[in-house]
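Structures follow.
Both complexes below contain subunit A, partnered by subunit B and then by subunit C.
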Partner chain A sequence: MTAEAPPAVAVDKSQDSAPRTGVRAWLSRHPLAAYAIRRFGLYLVELWGALTIAFFFFRLMPGDPVQTLIQTLQQNYVYNAQASTELIARYRHEFGLDGNLLTQYLVYMQKLILHGDLGPSLINYPTPAQTVILRSLPWTIGLLGISAVMAWIFGVIIGAIAGWRRGKLGSAIATNLSIALSHVPYFFVALILVYVFAYSMGLLPARSAYDSNINPGISFAFIGSVLKYGLLPGLSIVIIGTFSWILSTRMLMIPILGEDYLVYAEAKGLKNSRILTRYALRNCYLPQITAFGISLGFIFNGNVLVEQLFNYPGLGTTLVTAIQQLDFNTILGVTDIAIFSVLTAVLLLDLLLPLLDPRVKYWK
Partner chain B sequence: MNNVPGNVLEVKGLEVVYSTNRGDVKAVRGIDLDVRRGEILGIAGESGSGKSTLAVALLRLLKAPGKVNGGSVMFHPAGRSPVDLLKVQGEELRVLRWSALSYLPQGSMSSLNPVMRVEEQFKDVILEHAPARKDSLGELIPRLLGQVGLEPRVGRMYPHELSGGMKQRVLMAIAVALEPDLVIADEPTTALDVTIQRVILQSLADLRTDFGVTLMVISHDMGVHAQLADRVAVMYEGRLVEVGDVRQVFKDPRDPYTRQLIESIPKLGRRAS
Partner chain C sequence: MRLLTAVLRTIRNSRRLATGLIVLAVLILVALFSPLIVKAIGGGQDPIELAAYDKWQVPSPQHLLGTDQFGRDVLAMVVKALSVSLQIGAIAGVISTVAGVIVAFVAGYKGGWIDNVLSTFTGILLVIPTFPLLIALSAYAKNVSLFQVGVMISIFSWPFAAKTIRSQVLSLRTRPYVDLARVSKARDIEIIVTELLPNLLPFIGVGFASSALGAIFGLVGLEIIGLGPGGVIDLGQIIFNAIGTGALTLGAWPMFVVPIALLTLLFAALNMVNIGLEEVYNPRLRGVAGE
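Moving on to the complex of A and B:
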């Protein structure tokens, strides 16, 4: 066995003894691809595990959705005991509640994976749950997603400057304000905003997502209305989110300022703005990227109150209604969406981190 | 005595203190020192003698609670008007840095930015002070790296991929990138093993020959001064106890402390008692 390094390969000791052909050789020559494949495999396992746990967890909930539906129907139609037995059986089948738990699980997963079908929604029967969810998803992503991104950007920038200029008046104000306000709940700020801007001054609307007199569609009037209606709920999230990002960024920033390479950068006579961005922030913002990925999960469950308060037709409102009505498939569907988004975000960030920081290397 | 043409730096009565709750601790107590153009001046002394404080004060990198209490440091960069290093502020100071006054830290410290490629760390300082050299960077950086015995491919590497000796050489190459008037080297060989130390010392001596820089080398290691320096200044408890030609100081030390320092150099073939 002579160990010649393959000519096209750059630098890696581990390749010397690896076979020259086949999948393994290709993987050993492309460590990043090998890592990406392994990480994606892990992602699939995580996804499967989380969806499975969610499924069984929700089946443990007491109450029978079909009975609830029948009760609703009873209120509207004349009760027919004979027909109802058949009806119950049919509904059970349609809601995926017939057979034992394992059969139910297999049917559910099959429908979900093959057809993206979450089963019919109870409150909007016979509309499928995915349609109900997709109807509210854009509102949530639009309002909460954009607000979360804005809060992150503002928070990291202000926090970095606050850390950089620590001891100065402006920094002290930003820091203390953040300490005081970052743990105030969103809805509390929302209430104050509503009181000031909607109730007292009457400047901005405080309910719904757009003016119901305007037809939804791609028009300036509609988009303008959406922005106007989204301003207060968005603002409440951005304000509080920004404060907590300021605090954490500042905390990451301060230990960096004592590093030798910052003294060196100063000795080099670089401009302050360059030292701040390329030397200080560049070395400490990675945890914030990861934290942002994780915080995306809260978009789907943490801001129910904001949506409720503003009667915003987003996922949070849908979830609350679904829980009240014991709408199994919708509750589970919203949970599945949250699981999927968080795991996907973390996957993307994991694949992105080695590109952002050369010291991050998962592969050998 | 004022403004002798051959001096790059004239330190007069420099005093540096560190403020504490229990009053000021004097680290540098009135130092007078001239650095001649083109020489290698060694600053010797034990830990706590104030030699590093002297270096940071001269580089204007002194941070609170340290503060300069008095004195003047006249700096004579070639082709510019002389300035008092202790008085320049802001933009004037920033422009002076690196192109006239540069710094060679200890390589084992993390002075290189861990997330920037080596060549980027050359680039930013060169472009900051000599933007006209933008087009020649592709040729300049490999040449500087070659000067300290490194291959051009080191430029594409990150600091964590370099050994301690390689980092020290990269720092040396960056220090002379803009042909400064004065390089202040703080413990340039500390924390390197002895064989690498020798190579680094040789490279430092070569840099003087090739670039004509003036070097101020701070080291606790008398061996370094014996090999490298033209003149040596010995510090003890914040004061200069002796300044002189390196041969004279080693052969015939005037101060008893200098004698002790020289005697403390370990010699081969002699058992410690």
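Moving on to the complex of A and C:
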């Protein structure tokens, strides 16, 4: 049952001969499918809930967005006439701000779901917010995704070894260092890295994502430049991330060490390294997969500041720029994209888990 | 009295918890006496006043950490800022712990659909990136006081406390002594206050420490992008100042290094209290976790 892939989410009711009992019977014969459907349903509820919370959160904030908007447009485009009622009405409509809150909500959700439309942006008017966001999304996914996964891998491996060899000096150093540093914000490390490598030694660039003299494209020069510019921001996330994973993996590892099957494996004469990788590590990396999904939102929070510090052209920088100009649609859009990415990643990890962990049997 | 000896015994048994609490106590003492310390540094005048001294002085016996771009004494600023940072941690920590405890008890004790709804809601807030919401909130709410910022930050930090405490309520709810209280017709509120709450204190402590940590982290983050509360200086703002004015290139490294070192110390101390409490009260980690 481990190798069976979860089938498509929608259960075709027509193929069942006896309608109600048929579906039930089919589901009880395919517990993984039942699990996948339940999990996907929860995903939809969470996604809807989170997007709704975000929408009302921004709309209920004090201040009239249209006034801000017209002011900004006047400043940006030297438009000095007093805004007429029609103009205001037109902007209200264009930015999805006419009608009462419920109408606005329905219109917004309809546009978002049917057309993927987030409305026009203000920082780059009249480019739609989704275009602005999509431009910066690859940078964040690249930087954040790679460094978060690397931190997880390093942290789980080192943490497992630290738990395995507890009482040894190296383990004690790793543990105490992790306790001291695992909750330090990423940007502290980023600041120190910038100070040492960029200002003092002048080795690595501290701003932007690639050398502006190189044309973006698929070339060795460009990719090399992206890697070089991404090294410092990425490193700051990897360092702190590794420390926090060390700590939690070690805490998962220690209770496992007393288990009978480890004693048995040792009595069988298995090599220590084999017991660690095949018996102990397998049992403590699985909960960490779920934990990885849950931590993504938190990592994104820290990443906003890291991007801001390095002037990295990702979602975080876009968000801060949008907030400085009170650009409603873009702020809400970035939040929505972040919510969507994190929830989807958690869903995929949860669906993957039964394939990795044969013990997990998801039926009621 | 019995409670006090129990607390002392717990602390004596965990070196980690003791270290964390001592560091925390020292920082709190410095914060409590910050008006006196600032006065002592000023020696009659206000050292944090604009143009109190010459600008950009390097560290010297008169100004141990030098002065900033307005001629303010950096040591005095750091001491004052430490107390502000601790205040925000305390305000937001208390609010989110109280909210978390209430939600956790209602959800964990009542169970059923109330628990489902509350847990899903808590879960959503835990998973989604809330920092954009916090930044946006403070961008709209200009000129807010320290207390209001604390309230704003706790909107996003209570779920952490709620989650930890709820899982403990679930396991305590089915204990025999709770059943005994229930058959002897004790009211729900009585059971919660007299039977459950005392047993949950360490976990409430963990919840408080982690939300205080999150709140200080949040405020520093807001200050780094220039959106903190007006009129007060916290440690994040000094760092923001140091970056913005290029203090590093002017040789004013203490403006940058000292706040970061202090905050790292504070984070480490809170984390040690957290892990120390967990090790003492989590039977699966007890004994094996010690170094």
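To be clear about the criterion, the second predicted complex is superposed on the first by the 326 of 364 C-alpha atoms of A that agree within 3 Å, B and C clash if a C-alpha of one lies under 4 Å from a C-alpha of the other, contacts with A are read in each partner's own complex, and residues count from 1 in each chain.
Operating definition for what follows: a contact is a pair of C-beta atoms (placed from the backbone, for glycine too) under 8 Å apart; a residue touches a chain by one contact, two chains touch by 3 or more.
Not measured: the values here are computed from a predicted model.
K.L.:
Do subunit B and subunit C fit side by side on subunit A in the superposed arrangement, or is it a clash?
P.N.:
After superposition on subunit A, subunit B vs subunit C: fit, no clash.
K.L.:
Of the two partners subunit B and subunit C, which one touches more residues belonging to subunit A?
P.N.:
Residues of subunit A touched, subunit B against subunit C: more for C.
K.L.:
Output check: A:R207 vs subunit B and subunit C. Expected answer is one of first, second, both, neither. What do you get?
P.N.:
neither
K.L.:
With both complexes overlaid on chain A, does A:R38 touch subunit B (first), subunit C (second), both or neither?
P.N.:
A:R38 sits against neither subunit B nor subunit C.
K.L.:
Touch check for A:K271: first (subunit B), second (subunit C), both, or neither?
P.N.:
A:K271: touches subunit B, not subunit C.
K.L.:
Between subunit B (first) and subunit C (second), which, if any, makes contact with A:A50: first, second, both or neither?
P.N.:
Once the two structures are laid over each other on A, A:A50 reaches subunit C alone.
K.L.:
For A:N283, is the partner it touches subunit B (first), subunit C (second), both, or none of the two (neither)?
P.N.:
Touch partner of A:N283: subunit B, not subunit C.
K.L.:
Have a look at where A:R24 lands relative to subunit B and subunit C in the superposition and call it first, second, both or neither.
P.N.:
neither
K.L.:
Per the contact definition in the header, classify A:R90: touching subunit B only (first), subunit C only (second), both, or neither.
P.N.:
neither
K.L.:
If we overlay the two complexes on their shared chain A, which of subunit B and subunit C does A:H115 touch? Say first, second, both or neither.
P.N.:
It touches nothing on subunit B or subunit C.
K.L.:
So after superposition, what is the minimum Cα distance from subunit B to subunit C, given in Å?
P.N.:
Checking C-alpha atoms only, subunit B sits 12 Å from subunit C at its nearest point.
K.L.:
Go through subunit A and flag every residue that touches subunit B in one model and subunit C in the other.
P.N.:
none
K.L.:
Quick check: in the complex, which residue numbers of subunit C touch subunit A?
P.N.:
For this pair, the touching residues of subunit C are 16, 120-121, 123-133, 135-137, 139-141, 213, 217, 220-221, 224-225, 227, 239, 243, 248-249, 256, 260, 263-264, 267-268, 270-272, 275, 284-285, 288-289, 291.
K.L.:
Name, in rising order, each residue of subunit A that touches subunit B in their complex.
P.N.:
Checking each residue of subunit A against subunit B gives 259-261, 263-271, 274, 278-279, 282-283, 357-359.
K.L.:
Where on subunit B does subunit A make contact in their complex?
P.N.:
Touch list, subunit B to subunit A: 59, 61, 93-99, 102-103, 105, 109-117, 124-125, 128-129, 158, 160.
K.L.:
Using the touch definition from the top, list the residues of subunit A that touch subunit C in their complex.
P.N.:
42, 45-46, 49-50, 53-54, 57-58, 61-63, 166-167, 172, 175, 179-185, 187-188, 191-192, 195, 199, 247, 251, 254-255, 257-258, 293-294, 296-298, 300-301, 304-305, 308-309, 319-320, 323-324, 326, 331, 334-335, 338-339, 342-343, 346
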